[in-house]
Each structure stands twice: as structure tokens, then as C-alpha cells.
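Labels run A, B, C, D, E and F following the written order; every chain starts at residue 1.
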Amino acid sequence: MRPSKRANDELRSVTLERAVARYAEGSCLVSFGETKVLCTASLEERGPPWLRGSGKGWVTAEYAMLPRATHERTRREVTSGKPSGRTQEIQRLIGRSLRAVTNLPAIGERQITVDCDVLQADGGTRTAAITGAWVALHDCFAWMRGRSIISVDPLREHVAAISCGIHKGTPVLDLDYAEDSAAETDANFVMTGTGGLVEVQGTAEGKPFSEGELLELLALAKGGIAQLVALQKQAIA
Amino acid sequence: MRPSKRANDELRSVTLERAVARYAEGSCLVSFGETKVLCTASLEERGPPWLRGSGKGWVTAEYAMLPRATHERTRREVTSGKPSGRTQEIQRLIGRSLRAVTNLPAIGERQITVDCDVLQADGGTRTAAITGAWVALHDCFAWMRGRSIISVDPLREHVAAISCGIHKGTPVLDLDYAEDSAAETDANFVMTGTGGLVEVQGTAEGKPFSEGELLELLALAKGGIAQLVALQKQAIA
Amino acid sequence: MRPSKRANDELRSVTLERAVARYAEGSCLVSFGETKVLCTASLEERGPPWLRGSGKGWVTAEYAMLPRATHERTRREVTSGKPSGRTQEIQRLIGRSLRAVTNLPAIGERQITVDCDVLQADGGTRTAAITGAWVALHDCFAWMRGRSIISVDPLREHVAAISCGIHKGTPVLDLDYAEDSAAETDANFVMTGTGGLVEVQGTAEGKPFSEGELLELLALAKGGIAQLVALQKQAIA
Amino acid sequence: MRPSKRANDELRSVTLERAVARYAEGSCLVSFGETKVLCTASLEERGPPWLRGSGKGWVTAEYAMLPRATHERTRREVTSGKPSGRTQEIQRLIGRSLRAVTNLPAIGERQITVDCDVLQADGGTRTAAITGAWVALHDCFAWMRGRSIISVDPLREHVAAISCGIHKGTPVLDLDYAEDSAAETDANFVMTGTGGLVEVQGTAEGKPFSEGELLELLALAKGGIAQLVALQKQAIA
Amino acid sequence: MRPSKRANDELRSVTLERAVARYAEGSCLVSFGETKVLCTASLEERGPPWLRGSGKGWVTAEYAMLPRATHERTRREVTSGKPSGRTQEIQRLIGRSLRAVTNLPAIGERQITVDCDVLQADGGTRTAAITGAWVALHDCFAWMRGRSIISVDPLREHVAAISCGIHKGTPVLDLDYAEDSAAETDANFVMTGTGGLVEVQGTAEGKPFSEGELLELLALAKGGIAQLVALQKQAIA
Amino acid sequence: MRPSKRANDELRSVTLERAVARYAEGSCLVSFGETKVLCTASLEERGPPWLRGSGKGWVTAEYAMLPRATHERTRREVTSGKPSGRTQEIQRLIGRSLRAVTNLPAIGERQITVDCDVLQADGGTRTAAITGAWVALHDCFAWMRGRSIISVDPLREHVAAISCGIHKGTPVLDLDYAEDSAAETDANFVMTGTGGLVEVQGTAEGKPFSEGELLELLALAKGGIAQLVALQKQAIA
């Protein structure tokens, strides 16, 4: 039995609330159970210097946690003068995931920065962030089309993400903090709305896992991501 | 006429929502109109090193803004490796204001860190932060008393803060961003529930102000802070 | 009785020595008793980037203390890699105070940096710095007019500053270190030569202060600043 | 045809040269074709502070590239003051991989730091580093047993790593720089000597990949890692 | 003819003014012509951690320039977050020079930090700093003996320093800025009161120099240092 | 007797291996006994900004040690965020030494960066680095001439360096780590192929040294450098 009493293939309650930030071109407050991430998409008229003259735009992401998003207070990263390795890993992952479904030339030489700030953390913050960031990005592009800044939607398809893991020997979907900290294997999957794999990251926290276990986790992820994409569709409808 | 149509001595709509952060010992989401600040109070069992052996505790504050709290996206301070001068000025002010009404020996050798994170910024973020931080701190002390960590309430009285300014020649209360960026004089007042002055900061942005104008701003502040303290009382009732 | 035997409204012995730095366009060694600050004004032909094309110039200030200006040696700020919050607060205050009396377009697109380096610290370093910085800035503008770089004096009027405080229940003028470290309330006033207020900063170090006390401190400050402005006039005569 | 004329499932020439650093407790110069990484294992008698009193040791890794390991000179990371996100990601991966096959209590409260310095980079530096680091760590443990610092070998089994990718539509093993920079999908696999998965990281650089492609890459990796483990066995024989 | 009209073996006017900093245990304002350095010696009761238990003390030095010590304003090093290579080179040199004539065990487990702050720079700041630092250190030790903190004088002998150089083909003593910036060879000598060499640093700025030239510079330095030591003796008499 | 049994004027075995780095324009692995330094010369088409428009090029150097080059592991400098004072001193010395024999206008407005990375450290790393860096720079210029980027060789002559010291009262050549850490006086000499002095640095580690001792060290250095230059000639033949 999972600590949360959920079935092995059951997501937490997921909500995607749009237009939560008054000044951002697109925004979404995403909740996976008690995990809450505020995603804002900001348009900057200048693209990154290394794309100057290419006609292409860029989508990048930043990620941070409020100090008391966590069970114990965490020091602000500004105090140590730089983002931690974990933060950098996550923000690179979010950026890659969004770019995988974006037609960059359709943006023109502009940059969209999607900020994912974790207000409350109960496991799965990076996967919630990707799932909510897609909605914020979608709304930013809608805003741009509404003002004729771009003419076609640069988004080619949906992208969403979910964590899976092996907890007490059993593959389970969408780990919360209690499961995550005890899991033997931890995996994150990023997939498109049509089932393509964008990113697979599986890590043995204790003993190694087998090919069979990897496939079971992948099957759980496919089911979970299908539900997340359905919720994204509902949200933007 | 003020841009917001408010009377010169009229506050924006102020709300103080408690218990908004699941893991913090005390928390408050404060809104002054479109300005929204999430305040969390975190208990740490170890006080600062320079108070070791003194029997006294400490209350400190940290302040930050989400990148897209503002009309234009602001760079994260972690990117430049250190909090800006403005951030440091504000977090020192919040900490001093809270300590002015706290009986530090009653906390024991512990530290409370109050994090004030601006989710949305429309002027007056530091005064909203002080007003909400008091509620979060109050609830943290209640939590500690509930668990018999401390026996008496370390808070001696209320503290709240408000900005005033001279806008187009007229003294007005609680400036929003539109007024703030055009004000000739900008002043922040921090006062206790019994009307004592904790901090007065007045700055001529353009031409110098007179003693008479200072007194008019002080009168407006006294009225505003009385209302804020009444709202704090309601919130914790 | 004050530790220094001074009357409550009595300044320390104040001196303003000009042309003390061979290479600077303007300079002043200011002493308020044992507090000594070396102020130099440096002309840079390039203004800050954000004023390019505006036709306006800029005046900015930097502040630092020699490590053994103080009773105990203080670590150099370069060792911790950044100016402290206190340093930044002070240098922003000095800069604002000087700009409040400067006609920025009259400088042209240039920048004057006024460096205030505390050689010896016995309380009131920031107010001594502002008072001396005005003289250094005045001499820098004289130097520029002498070379026909500018045609009119960009200084509209004098500016000077003084600290006041409530020490053992009594409002007193121009606190030295012994008084400052024991004061219940600490206030700094920046005023122009014609009595306009540029900056008022009052802080309760212990119990809150009343409106009446604020007015008493203001009265003391007006008297002190009138004397400082008279000394500035003498110095530049 | 691959740029290097290799078969799709063919490794580059791999060498593992031991005892290349005179002062290190264990060392290995690993080459995967033109990629060369110097791995040294250093014993430190003090474990990390957070393991004090636990009876357990720790294995950690650091990774860097010489500035001219690459086709174009790369700036030293010390110049920007911090390791890049990529560097941190890689050194965390190497450390996790080594710990996955190490019996940490058997080390006692000590730390082994494995430094992986890339002398020449032609793709696959992180997988070469893991493969060579295992040999350096093995020799460090042998050195410790030779001096009776520990009594049993803390290594439970071999660990090695290889990159795979989809290049011009074809899954291939052990990408060099030419292939890596053009691959549509890039994957790194870390596996033990008995075929357990320690880490799977697959990233779509261009279009998403399918479950079938993931399985093909995994099959290639299994073959490659079996050969690398055989070479490790030969090297330490 | 030298730009300053001095003879080739002629020092600038040198003064050593003691007790110039009210709070320091020892201090000296040293002038070599227009070069002025404020040297303060500060006693700290705790020695450096790596000497704990050794019974030995330590003498260290720090060096900095005020921003407008120079002809053109120089940026504060705190702005770039770290002391420059030049600053570090100089402060290491001053520290080594002072320790070369100090009996470290006679200090006990304490540290003396000598701060050398350049108020005005016209060439030769590091050699002036060493010469003045010796006087400040001497007075700090006298202060300590006066309070019976130590019983014998830890200073074994005098140490002083001078620069020499080859200017327009001629070896000259004590270069000012005008000569220094045009010299073909630049050399600094640190010597004891009894003529022992503590440090020799000769650098060809343009074409290499010969052994004969090195000896000529050394001869000039010996003469200059003898005069500096005589001035130190006078100063402390 | 020296710890290494060498005669007082005997170099360690010195080797200079060229073309060791596949991608660098010039490279040399230099060994002075167990000290091994990898030197690479990298051409960058853009010179430093302060030479823009001057028609002159620049040669600069960077220096670092692998963490386990040393007997005990040394922390990476990137961890503390900046190169140490020692590192900066050494890389400035290498750069000055190379520029002393380079005709900078003959390079055109380009920059050559010579990276000297110590793979193994047994004393004399900076002098080995200079000696090997010259070979790497020579080969970089040959590469440039081979591609007609420049038409004449910018190198005017050879430059090499050696350390000497007074060990147990005896002047000796080319100190290894065992001698270096016990030497009373330590000196580094940089000389050209025709015997000109480029840099002389002598430091008393314990008691001061005499003029006679300086001359003995210089004589040893001349002999050693003549041999090093002969080896450089052989290497590039």
C-alpha cells in the first residue's frame, strides 16, 4: 500500500490554473497534490546573442524554490552566490523539454523565459514544473498572436512530465516526498502529446534496476502523461 | 485625483490570509491591492552564533521578488551572485521592525526567520511585507506555545507599516506603482499598535520637502497604520 | 551629562580641509571630532550607460572604511567578495543627497564619482561623508568650469547632514561612538542650505519613539546643519 | 556509414593505463579513441561532516576539462568563479555511479575523491571518466588493503558507462564528437558488471524518440558495457 | 637628467610619521615624495588556525589603494569581488619581508595584521609600504611590551625596501611614477638593517638586462636602504 | 649530499615532448624529473580589447595544477571561486617571460594563450612551465607561418627558466620538492638564449642571504639555462 493510499498507477490530484500572474504574458499555477509551482512566461524582445541574425528565437527556463517550500527551511541560493548543481540540472531539463515541442524560427528573434518557482514542495517539482510551464508558454504564444507579434503558433505539440519509481519493490506513478525519499529507483519521463519520448532519466538510488523494471516504469509514465496532456487540453480549452 | 481614484487618505484593499504554507510554523499571504507578498515564519532551534550563551533568541527577515512579480521581468539576484543593495536594505528594515516589538529573551536561544517573497509587485512591497510578517510571526509563536516550546508570547505589541508620498503636490497614503514612480517625496513609516514610531524614512526624489509636509505624511501614516493593525487583529482573532 | 561633556545641541569640532588629494578634481578631508573621512570627487568623461543620449550627467558615491578606522580591526569587504548591506545603504544615501542639490543636465553626459573613505571612525561617518562630499563636489565643478568643460555651476545649493539621537532619554546632536552605541533612537537628517529636507531616517534601537521626540530631533538637526553649512561656506570662500 | 567507419555496434579503441599518477592512491588514464581522461583516486582520512559518527565512508567525484582539451579553447571555469551546470551534472553522475557499486560502511569514516580531468575531448568524456574512475577507485582500495587500512574490498562489482545515440536515423554505439554533435538522440547508460542498470539518460536533441529506439540503444549499450567490463578485468588482472 | 631632477642615487624626500591612527596599536604614515601610505598594525589575540598549539605567532599584511590615489580613478577591488593578482603579490611580499626580521615565537599565539593603504600613489608604493610597515609593527610590539603582553621585542632587526630601475639606459634609485612607467628594467630590493637580502625582484619590461646592470641596481639599493634604515631609527628614537 | 644524489650544479632529467595535444596549435609536455607540465598554445583571432587598433598582438599564460598533482590532494581553485595569489603570480610571470622574447607586432592583432597545466608536481613547476611554454609557443608560430597567417617568426630568441636555492648552506641548482621545502633561500631565474636576464626573483625563506650568495645562485642558473636552451634547440630541430 502506498503511503498516500493511491493505486500504483494513480496520479495525485492535478490542477492547472491559468492567468495567475497579472503582468506575465502567460502563467500557470500547477499543483500535483501538495506540490505547487508558479510558472510564468515572459517575452523579451531580444533573443540571446548567439542567435543574432539567425532568424530563430529561444525558449529558456529558470527554476527556484521558496525557502520554506520544503519541510525544513532551505537557504536561499543567492546566499551561496550561485544556483546549486541540482537547480541547474532542473532548469536545463525544463528548457530542453519546452524547446523539443517548439518551432523556434516561428518565434522570430525573441526569447521567452519561463520561470518555475516552487511555492510548496512535496516531491515531483520538476515534472510539475514542465507540465505547468507548457501551459504558461502556450498562453504567452496566444498573447503574442493576439497582438500579431507572431502569426502561427510556435508550439508543435503538448509536452508533459511525470516521475515514477520503485518503492518497496513495486513500480509506482507520481511519487510524493514520502515515497521519493524511500524509493530504490527514481525515474523522470518527459513525453509529447503524441507519445514521443523527449527525456528519460532513471537512477538507481540503492541497488541497480533491471531492463524489465525500466519498461514497467515507462508503461506507468505513458499512462500518467496521457492524463496530464488531457488536463492541459482542458485547461486551455 | 489619484490614478486609482482613491481618496488621499484611503488604503488599497488589504487582505491578510493565514496558514497559506503547509510546512511553515506561521504564514500569511498579504495583499495591498495588486501587491501580494507571501510571508513564512520558520523556527530554527539554533540561534545565531553571536547570541550563544546569552539566553536570547533572534528574529531575522529575508526578502526577495519573483522575477515576474514586476511589469517587466527582473533578473534573479542569484544570477549576479548577491542580493542587491535594495534587497539588503529592505530585509534589514523588516527584521528591525519585527524585533522592535519582540521580547527576544522569551524566545530562548532560537531563531525565527521570516521570509517575505513578493509574488506580485504594485508598489509598497516592503510595507506590505512588514504588515504580513507580523501575522506570520504571531502564528509561529502560537505554534511554539501550542507545543510548550515557549510559555509566554514574545510579541509585545503589533507592528505594521505604510508608505506615503507627495504626488503632484498632494500628500497621499499607500502609493501604488503608478503613483510611486511619479512621487516627489516618498516616505515609509513603521509604527506599533499603540502608535509608537519604529522607523521613519523620508526621501526627496525631486525637490526637498518641508517640515510641514513631513508632518502631513506622518498624520496620513498614523491613520493608515491604525487600520492595518485593526485588520491584523481581525485576522488573528 | 554627555560622555563628551558637550551641550545637547553642540556639534563636535568640525573641520573641512580642501585639496588634500593631489590627483582628484576635488577633495576634502572632513573631521567631526575623531571621525575623519577623505572625500574625493573624480570626473569621468563617460556617464552611465542608461543616461546615454539623455544629455544628463550623474553623480554617484562610494563609501568604505579602512580596516583599522575602527576600535577593533574590521575585515576588508573585498575579502567577502562584496560590499556589505550597510555599505551599500550608506553609499546610496550619499549619492541621493548630492544629486538632490545638483542640476544634472548642467554636467553634460559625464559622471562624477565621490569616494568617501573613512580613515577614522568615531560615530557619524555617513553624515560627515555627506558634508565633506559636498565640498569635494563643489571643487570638482570649479575645476571643470576653470577648464570650460561646463559653463554654469551645477550645484543648486548646499547640502549637509547630521545625526541626532535619544541618549539616556535626552535628545542630543551629533552622536559620537560612545553615545551612538547606547542610544535608544538614532536619526540622520540630510538638509539643504535653505532648510529643505532631503532625507529623514529615524530608527528605534530599543523602544519606539514618539512624534514629539521626532520633532525635537528635527529641531536639533536644523540647528546643527545651519552650522555645517556655514562652515562649508567658509571653507569654499 | 559512420564518420569513423566503425560498425554501428563497435566501440572505439579503448585503453586503461594504471598507476599513471605518482602520488595518488589509485590512478588510471583512460582513452576512448581520442578522448583521454586522467582519473586519480585520493584517500582523505576525514569523511564528509554529515556522515560523522555513522561509521560509513563516502566516494565523490570531480570533473574538469583542460582548456585546450577541446577543438577550440574553452575558458577555465575558475574564471567565471564556479563550475558550470554541465560540469556539476557530470560530476554528480560519476559520484552516483561509483557509489552504486561501493559498500560504503566497508570504507570506514573516510572519503575517496576521484578526480576526472579530461586531457583531450572527442565525445563521450563522462562515460570514459566513469569507466576509468572505477579502475582508479579499485586501485585505491587495493592500496588501502595493502596497508591494512581496510580489511575487505568495498567494491561490490564493476561499473562502466557508454554513450549511444541515433545518428542519421541509425542507432550507434560510442559516439565521437563528430557524431555526437549531429545526433538526433543522445543517451548515456551506466551499468554494473552483472548487467544491472545504474543510470539511464536519454535526450531527444531534435525530434522525440520512440520506445523501440530506446530499446535498441539499450541493447547496444549492454554489448558495449560488457566489453568495457572485460577490459577493466584485464587491466586489473 | 631624471624627470624629477634628482641625482641617480638620490631618494625622494622620505618622512615617517608615527601614531597617526588613534585606535591602532601601531601606525605610521610614510611618504616617499608624493607617494603616501598609511600603515597600521593591529593585534589580534587569536593566531591563524594552522599555528594553533605551536606556540608561534604570525605577522601578515594587507594592501590596498584608495580609488583616487592614482592619476586616473581606479575601480575598487570589492567591485570585482576579489583582490587583483597585483594586490595579492604585494601583500604577500610585505608579509614575507616583515616575518623575515620577526622572531615569531616571541609573539606568542597571536597575529599582527599590518594594513598598508595607499592614500596617494606616485610610484614605489610597495617599497614605501614595507618601510613604513616596519615602524608600525615596531610600535605595536612596543605597545604590547608596555602592557606586558610580551616580554622581549620580537623584532630582530630593521627591514626596508626600495625600487631601482634602468631609465633611459641609466640605473636610478627610487623611481617615481613618471620614471617607473618608462623604465626598461624595474627592480625591488628588500634588505635588513645589517645589509642582508630578504627579497630581490628584477623584471625586464622591455629588453633583457645584464648581470652587470643587476649589480649596479643592487649597489644603488644598498645605498638607499641604508638611508631608509637611518630614517627609521630616527623615527623611533 | 643532495637528497636526490645530484651534483650541486646538476639538472634533473629534462624532457620536452612536442605535439602532445591533438587540437592545440602548439603543445609540449615538459618534465623536470617528476615534475610534469602540459603546455598548449592556442591561437585566438581576436586580441585583447585594449590592443584594438594598435596592430599588435598579445601572448598571455594561464597556470593551474590538477588536484592530485601534489603529494596531498589540493582543492580545485574553482571551488573557492578564484585563482589563488600564488597562481596569479605564476601565470603573470610566465606571460611576461614569453612576451620578453616575442615581437608582438609580428603576430598581428591576435592573441596566443599558453595554458600550463601541472600534471605532476615535484618542485620547480613554474620554471618547467616557462621552458615548455616556449616550445609550445614556437610550434604555434610555426603552425601560423605554415598557414601564412604570419610571415615572419615573432620569436626573437629562446627563453627558459630554472630555480636555484640555498639548501643546508649550499647553493644548488633545480630544486625538487624535498629540497625546496627545506631551502633557506629560493630563487627563480628567467633568461634568454643569449644570456640576458628577464626575471630574477630571490626570496629568503629563513635568514637573509648575502650578495655573494646571490651571485653564486646566478652562476648556477646561467649554467642550467644554457642546458635548457640546448634541449629546446634539440626539441625543435
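Throughout what follows, a residue touches a chain if its C-beta (ideal position, glycine included) is under 8 Å from a C-beta of that chain, and two chains touch if they have at least 3 such contacts.
According to UniProt, the chain labels map to these proteins: A, B, C, D, E, F = Ribonuclease PH.
Nothing here was measured: the structure is a model prediction, and the numbers come from that model.
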{"item": "Separation of subunit E (Ribonuclease PH) from subunit D (Ribonuclease PH) in steps, with touching chains one step apart", "value": "2"}
{"item": "Shortest path length from subunit D (Ribonuclease PH) to subunit F (Ribonuclease PH) (each step joins two touching chains)", "value": "1"}
{"item": "Which listed pair, E-F, B-C or A-B, duplicates the contacts of D-F in over half of its pairs", "value": "A-B"}
{"item": "Centre distance in Å when subunit B (Ribonuclease PH) and subunit F (Ribonuclease PH) are each reduced to the mean of their C-alpha atoms", "value": "59"}
{"item": "Computed distance of Cα centres, subunit D (Ribonuclease PH) from subunit A (Ribonuclease PH), in Å", "value": "28"}
{"item": "Averaged-CA centre spacing for the pair subunit C (Ribonuclease PH) and subunit A (Ribonuclease PH), given as whole angstrom", "value": "51"}
{"item": "Multi-partner residues of subunit A (Ribonuclease PH) (at least 2 other chains)", "value": "81-83"}
{"item": "Ring topology as an ordered chain list, initiated at subunit E (Ribonuclease PH) and continued via subunit F (Ribonuclease PH)", "value": "E, F, D, A, B, C"}
{"item": "Residues of subunit E (Ribonuclease PH) defined as touching subunit C (Ribonuclease PH) within the complex", "value": "21-24, 27, 34, 38, 40, 42, 44, 62, 64, 66-71, 73, 76-78, 81-83, 113, 115, 117, 119-120, 122"}
{"item": "Footprint of subunit E (Ribonuclease PH) on subunit F (Ribonuclease PH) - complex, ascending", "value": "81-85, 88-89, 91-92, 96, 100, 187, 191-192, 195-204, 207-211, 213-214, 218"}
